[in-house]
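Each of the two complexes below includes chain A, the first together with chain B, the second together with chain C.
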Partner chain A sequence: MIGLINIELYKIFRKWRTYIGFIAIAVLVSVIQVAMLVEGQRSINFMTHNLQQSFILVGNLLNGYLVSHLILNTLVIHIPFLITLVAGDLLAGEATSGTYRMLITRPVSRISIVTSKFLAGIIYTCMIIFFLAIFSLGLGLSIFGSGDLLVVQNGTIIVFSKNDVLWRFLLAYCFSSLGMGVVASLAFLFSSLVENAIGPIISTMAIIIIFIIISGINIEIFRAIKPYLFTNYMNGWRLFFDDPIDIKEIVKDSLILLGHIFLFFGSAALIFQKKDILS
Partner chain B sequence: MKEEVLSDEKIIEVQNLSKQFKEIRAVDNLSLNVYKGDVFGFLGPNGAGKSTTIRMLLSLIKPSGGNIKLFGKSLKENRIEILKKIGAIVEKPDFYGYMTAYKNMEILGKISGSNISKKRIMEMLELVGLHKRYKSKVKTFSHGMKQRLGLAQALLHEPDLIILDEPTTGLDPQGMKEIRDLIIYLSKEKKKTIFLSSHILYEVELVANRMVIIDKGHAKVEGNVSDLLNSNKLKVTFEVDEIEKAKLLINDTSWMKMLNSIVGNKLIFLLEPGEISFLNKLFVENNILVSAVIPTRSLEEYFLSITETVSK
Partner chain C sequence: MKKIILLFTAFVSITFAQSKDPDLILKNVIQEFSTVKDYVADIKIKVDVKVLKVPETRAKIYFKQPDKIHIESEGFAMIPRKGLDFSPSSLLKDKYSAFYQKEDFVDGIKTAVVKVIPLEDNSNIILSTLWIDQTKNVIRKIESTTKTNGTFTIILSYNSSNKFPLPDSMTFQFDMSRVDLVPNEFNDRIEKKNNKKTLAGLVGKVYITYSNYIVNKGISDSIFEEKK
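Right after this comes the complex of A and B.
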């Protein structure tokens, strides 16, 4: 299995589209950091205007942690698209290029093929998030330096000591990987159904956008279905920036996301097992 | 061309194989046997079900009914073990275009679970004449080069059975001859069993010892190529000077039953080889000048006669 995963990773990283995700993140993070460098202090002053009337704020509020936290907030909208570019191509790409035939006539079980491809997709997803973490925190801390993190959580301003922040970021990025894993799994499921990667990419993004919109509209009928939308749990990384941390909620959200991953992957594996290779 | 069943050990045993795609029955109760050492020609017109059958033999698609045994074992239950002994090209060979020929071979070898050495990969590339292009990306290859690379990958893990689906498609005449020579080499020198599907019937006639002709998903004839050809009547064209006189002469005789068609002043008969001279003599003795006698017999003629009969 490790050999097969290595081969799949080799295939992923030999394709130009794989690097679009890394390049896009580098550009996105850089642009936000530059914007914060220019406008950040004014935004901070605006945010803490009321607070400054009652308290004296000392230290560096516009720091690498704050910028990284802002960047992490963009995750739900932008990163899924970068993930689907690769995950949607994992199976459908083989059909498009006609290499399914070559692959499946090898003495290896279909379940091994589909599992290795899926795991390679998940590894890629984790690498994207890891890259985001390193680039965002690294660049942020080197430009803005360290400091206490000021977070607005459910209308409340929480200030975390700079020594109490890094582990929260690490766990938040891990949780984000889980959320993005659901996106990758969904794109992978669609990829098992069709013979062109465009379909899975568009379908996955359409579902994510629709779910996010439904989650955001505060009317009764949408509130009722909100718990069943996986996008609702993808922002669970924010729970790590709460005080105290709601462990139960984090575990529940994690299990729901994991359940979705298993459901989507299981369906893809079942479809792939039964699939007639006609391409 | 080999002329007999070489072994009684069945390598491929297909019984009542069927495949239904919604309303289309692509393969319909097909049965065939391929014996060890055979070069087995698998013939049929477009849409006859050849590729579907090959895909079922390689477990790319699942049969709707029937049994497939390879090397005496059920394909369904021993898929991985069986595929270790098979090398195949299914329709046009496609590769990862963004990788080199060598890397494609290396990856396919690794997926097969075989410890394929660099030497072995280079030997196979040399066998198909691609060793000088081993560093080139496959996307720069012509169709013919991909076809040859397809053969190289099929042979990479030293399979006992080689399944080739239209292996010479897109090749120039020299390339086609090279592939034919390679098939003969693999059969005679390496003692491989070869299952060869081809539209170029002449090719099958040259290299195969046994064959099956399929049409509309089921086998029309199966047997030794030489036996099937010899048992078949020849299509013989008699070019005569007086066509009406010739027609009158054979009218109400048994020759009339053998008359296939009339084109201008040409009478086309389906005859046994020994009957040609008798008919020629009949015309000459009745003062009908025969300017040409053109017998044609090839697998192509046979193939067409079989499939045309089916169509009628």
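Right after this comes the complex of A and C.
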């Protein structure tokens, strides 16, 4: 299986589109960091405007952790697109390039092929998040330095001591990988249905955008649907920046996301097993 | 004759020490505090406010007469704006009208209660009540009603071993339903309304503990300018 995964990773990283994600993150993170360098203090003053009327605030609030937290907040909107670029191409790409038939004539079971492709997609997803973590925290801490982190969570202002922040970020990035894993699995499922990668990429993004919009509109009927939308649980990384941490909620969100990953992958595997390969 | 002089002296000193004249009481407090030209102290800040979760922080405070204040902290620190400057000259720097109300006890210490009404139109404070310990000429408690932020209370406690009128702890209390701490943009209108309801009647408290006072050793003005 490891050999198969290595082959799939080699195929992924041989394509130029794979690097779009890393380049986009590098550009996005750099732009936000530069913008914060220029406008950051004004943003901090805006965030703490009411607080400053009653309190004198001392210390460096504009630091690498705050900027990294801000960047992580953009994750749910931007990163899924970068994930689907690769995950949507995993199976459909073989059909497009006409290598499907050749692939399954090898002495490997279909389930091994589909699993190795899926795991390679998940590894790529984790690498994207890992790159985001390293680049965002590394650049942020080197430009702005370290300091306490101010977070506004459910109408409460929480300040975390700088010694209490790094582990929260690490777990938040791990949780984000899980959320992005659902996106990769969905794109993979769509990829098993069609023979062109454009369809899975657009369909996955369309679903994510629709779900995010429905989750954002505060109407009674949408509020009833909200618990059934997986996008609702992708922001669960924010729970690591709460005090006290709601472990029950994190476990629940993680299990729901894991359930979606298994459901989408299981469906994709089933479709691939029964697929009549004609190309 | 000696007895008469002694009795007269005792009578005069008691009368002046426990004066009911509010202006004299306040003047004595200001005079007592004027013995402090400057000080540096370590402070420990603990915030107990429902919508604020801040770890206990330590900072260094620099004060120089009449009202220069500078705070240094390695980490993030939040210090109540109103309670920080407890210097009587600063509290009573604007025009005011004062009247003596009654005697009262704060933490078992007898105090004179003086009401102070600011006469300046632009003052945010409508009325301040000061509980003044006339034996030490220090303020033990301040209760101020503001135009915009409700009522806040400052309770000061003093260590008897400190020869200067500087507190060793301060508790700042404020009405949470009257103070918007979280930016409006982070709370939608409905949530904000609900927050107001849940915060009604709740009191936010900030505890500041002072230690390692260094008094009248001289502080360079550059420390205060640096902040600007």
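Assume the second predicted complex is superposed on the first by the 279 of 279 C-alpha atoms of A that agree within 3 Å, B and C clash if a C-alpha of one lies under 4 Å from a C-alpha of the other, contacts with A are read in each partner's own complex, and residues count from 1 in each chain.
Assume a contact is a pair of C-beta atoms (placed from the backbone, for glycine too) under 8 Å apart; a residue touches a chain by one contact, two chains touch by 3 or more.
All figures in this text were calculated on a predicted structure; none of them were measured in a lab.
Asks: Touching A:D276 in the superposition: chain B (first), chain C (second), both, neither?
Replies: Only chain B; A:D276 stays clear of chain C.
Asks: Of the two partner chains, chain B (first) and chain C (second), which one does A:T99 touch, if any: first, second, both, or neither?
Replies: The first partner, chain B, only.
Asks: A:V152 contacts which: chain B (first), chain C (second), both, neither?
Replies: A:V152 sits against chain C, while chain B stays out of touch.
Asks: Under the stated touch criterion, name the partner, chain B or chain C, that contacts more residues in chain A.
Replies: Ranking chain B and chain C by residues of chain A touched puts C first.
Asks: Could you say whether A:G3 touches chain B, chain C, both of them, or neither, answering first, second, both or neither?
Replies: first
Asks: Going by the contact rule set out at the top, does A:K248 touch chain B (first), chain C (second), both, or neither?
Replies: Neither chain B nor chain C is touched by A:K248.
Asks: Touching chain B in one complex and chain C in the other: list those residues of chain A.
Replies: none
Asks: With touch defined as at the start, can you tell me which chain C residues reach chain A in the complex?
Replies: Listed in rising order, the residues of chain C that touch chain A are 50-55, 59, 71-82, 84, 149, 174, 179-184, 186-188, 190-191, 195.
Asks: Sort out for me which residues of chain A touch chain B in the complex.
Replies: My answer: residues 3-4, 7, 10-11, 14-15, 97-109, 274, 276-278.
Asks: Would you tell me which residues of chain B are touching chain A in their complex?
Replies: On the chain B side, the touching residues are 55, 58-62, 79-84, 86, 88, 90-99, 107-108, 110-113, 153.
Asks: Which part of chain A faces chain C closely enough to touch in the complex?
Replies: On the chain A side, the touching residues are 46-51, 53-61, 147-148, 150, 152, 155-162, 164, 218, 243.
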